[in-house]
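The structure under discussion is supplied below as structure tokens; questions concerning it will follow.
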């Protein structure tokens, strides 16, 4: 590319996600409405949404957050319980779940950032949050699996076939992508990236490090809390096990393998890991349980040791022609 | 309902025993973190892997689990050195995020190899010699736990001596404080790193032999040991062996009290809450030096 | 006479940053050589390159006729190089005695440790008084004594001193330079010293090099350099 | 020129353990000037910057910005009140491009990213940063370019006072020459008051309106550059014979 990009068209950046969403919208037709494939696609879309929400705190702000399942579980269980016990529509339940997640994120994040807790201690604190919720859930809910009752319709956001939920998840994914792109193009995004690079230098440029980190955490927790109900529905059950440290780690794995801060890399990683997991589980699940996790582990070690930039460089190369067409220039 | 005094005393004793074992595991991790600044999230998983090895050896050779340490400890020293060269060394000095991610990956590999090889059911290889209880006033003492605690304590004290009184220990402490200046003293820092990493992993093997005299192993055993070790380091600061010992005992007692008085299922939550509170109010740890 | 320490046409720096652009210098046996120049000229980098703590792109480091360019720092220390780093590099949580013992870490030095320790204590009696104290409790000048004493513990053939007088009161600096003189004349220690006290170090040294922007721009006998207009200009615009 | 100085520092003391880095420093930076702050290594120059910008809290003494007491305020507030700084050891934003790094500075005064981008381009152009490297990531540029980006980042925050910490250390002579021009332009064209900290006297003398000299944490001289370099105390501090 020649000179620096001084002007990208004002809404040009919206084109790729919209085109992608349209393309993904055709998936049910492409798989001939095979319910299994659509369910897999739905799960991938939800996991990708969570991973891209994580990208805001983990990728842009550089804080290794391992609490995504805490927010996912809080939001999902709250919405599900509200529906089952009080008949509240999940549309409201999801908003309540998002608010509850944000509240918990504030309670944990405010002291953490206030006391300057970073790096390994931040990661451990978020693990601790998941552990606390996991064990608290056992006390409050007992060691049981709760099934989402077989109610149907848009009011309950639960259907006999999976297409509708897939479309809803896709809309959520598109929304999370737009939030990502919007954040990374806004003042907030530039500040988060500066914090990730060097907190002290950022602070000397006038960046209120605590405030912006907390903001990033709240956006992430809100989005993940909102997605919780969809996750619970695709899992069909919820329990204390929804608060799972390995799931949180899996989300961070997608973010790291996909490349921190890279939307397309993370999407690609979520899709590839999701499909690989499903394939491995379907094929070897009975004989070799945990094979997919073993593969993640090897992938993480290899990517981390050999190619610290993640998949992002690869996807960037692959997607360059597409990007150039839509934006008429390289973007950050 | 108030718990009976004897239950509390029993819990304290059990917690102290458990705490000594924790200190053995945490000391290895704190050495690796303190000396080379490497964040290992797979530390506990090495303990789990070694515990399976103990189980296999003890049940196939029909020996005491403790005796297998003669084989597992040197073996895991070598394993640690290998992991150092393959995984840790390329990541030294890199962002903590990558170190955490990669060691989580190592943990996944270990857990799932274990899951694929041994399935999820817990395995136990109880010690025949030590599986007895004796009374001590109102408290009943499990001989295996007592032996594990005493041996852990002896080894931790021995390591303290090693760190304080030998050339190797001097080199380790110098490297921990300032790697470059240690080089200027003629210390081969790379050798120190290999030794420390190997030692850290070897200690998990030792701890696993002690654990298997009364405990059992499943593929996820490592997670709780790993987390406990990190919590101990957060509490103890990097202020050396006394800090590690004291905070291990605190965590051991906290876990034992919650197990006996509330429920075994919340013992990690209790430890986590202690961890968060200490992190917030005493960021240098309870016993950390300034 | 062949030089005891020589670096030839060295290009070195830190990672991608090249700091030294073709630096050559030599130190003969028994000499005191001063290396002066403004901040950022590359003096510290030159010393670090000699002990092997930088990225070397080109050039050689030769100690007593032996090419040590490929050897790691600890091996070079074993061959008789000792660097007192800028800012002293004291191991703050260790005791004074432990710091000194670390100085004698390499094999040959370890054998002679007790004897050397007595010698160091004779030069710095204050260190003997405080030998069991934690090094972090020492005053600035005591820390400096410790840093130098620790370097002597390795029985160095060449002592490299980086800004040793930094932060010390003038009277103490005077004493310190007296110690350098003694070490050179009585112990026969060869020295390469980086100093900001230009005049004083020129008075002490036999020869000196002046660095600027990663290059040697001037070298010569100290006495002559002291009268050199260019050197005065480098420090004070007249 | 208003009589109120931009920055007034009164009796700053900062100790680290047993070492006294600042031992009662008082000084003023007047509106519109370039104040040179010089002194040998370890004389307390960088500690002074850190105390003014809120990185350190001084043990004693006060810092006033345009009469307002800003002692001990956190760095980001000090920055938003108008004090910017550069770093002696460069702190590059390795993964951000040059332009993005400077935009992060410009965003202090605007929430509009496009405006910040224009501002960043202007600042980079003004200080003569090569245009073809605007989109290079921070990890791929040279030392002098790092120093320029660091300066541009700080300038982009539109400071009232800019503290420049040893910006020419390690640069080659022609780069130093160029930097003199850059600093002057920042001062004249943008009307930024500057405190320039430097070890190299030649550089200081050529750009400063006024010079203060620190030695062992104290202010030992103050005045026009030509006088200060003749001051025997200063000569002693630099050449190293005993003062007094």
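In order of appearance the chains are A, B, C and D, and numbering begins at 1 in each one.
As a convention for this text, contacts are C-beta pairs under 8 Å (C-beta built on N, C-alpha and C of every residue); 3 or more make two chains touch, one makes a residue touch a chain.
Bear in mind that the values here come from a model prediction, so they are computed numbers and not experimental data.
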Mind listing the chains that sit against chain A and also against chain B?
-> none
Greatest separation from chain C - chain, by CA centre = A
For chain B paired with chain D, centre-to-centre distance based on mean C-alpha positions, whole Å = 49
Centre distance in Å when chain A and chain C are each reduced to the mean of their C-alpha atoms | 55
For chain C and chain D, what's the span in angstrom between their mean Cα positions?
-> 31
In angstrom, rounded to a whole number, how far apart do the mean CA points of chain A and chain D lie?
-> 42
Counting only chain pairs that touch, give me the topology of the graph as line, ring, star, complete or other.
-> ring
For this structure, give each pair of chains that are touching.
-> A-B, A-D, B-C, C-D
Contact footprint of chain C on chain B as seen in their complex | 167, 170-171, 173-174, 177-178, 180-190, 289
What residues on chain B touch chain A, complex-wise?
-> 33, 39, 86-87, 90-91, 94-98, 100-102, 104-113, 115-116, 119-120, 219, 223, 227, 230-231, 234, 263, 265-269, 272-273, 275-276, 279-280, 283
Touch list for chain C against partner chain B, complex | 51, 53, 72-74, 77-78, 82-83, 85, 89, 91-94, 98, 101-103, 105-106, 109-110, 150, 154
Of chain D, residues touching chain A in the complex | 53, 55, 74-76, 79-80, 84-85, 87, 91-97, 99-101, 103-105, 107-108, 110-111, 113-114, 116-118, 121, 131-132, 134-135, 138, 153-154, 157
Per the touch rule, the chain A residues reaching chain B in their complex are 58, 62, 64, 108, 111-112, 115-117, 119-121, 123-125, 127-129, 131-132, 134-136, 138-139, 143, 245, 249, 252-253, 256, 260, 288-291, 293-294, 296-301, 304-305, 308
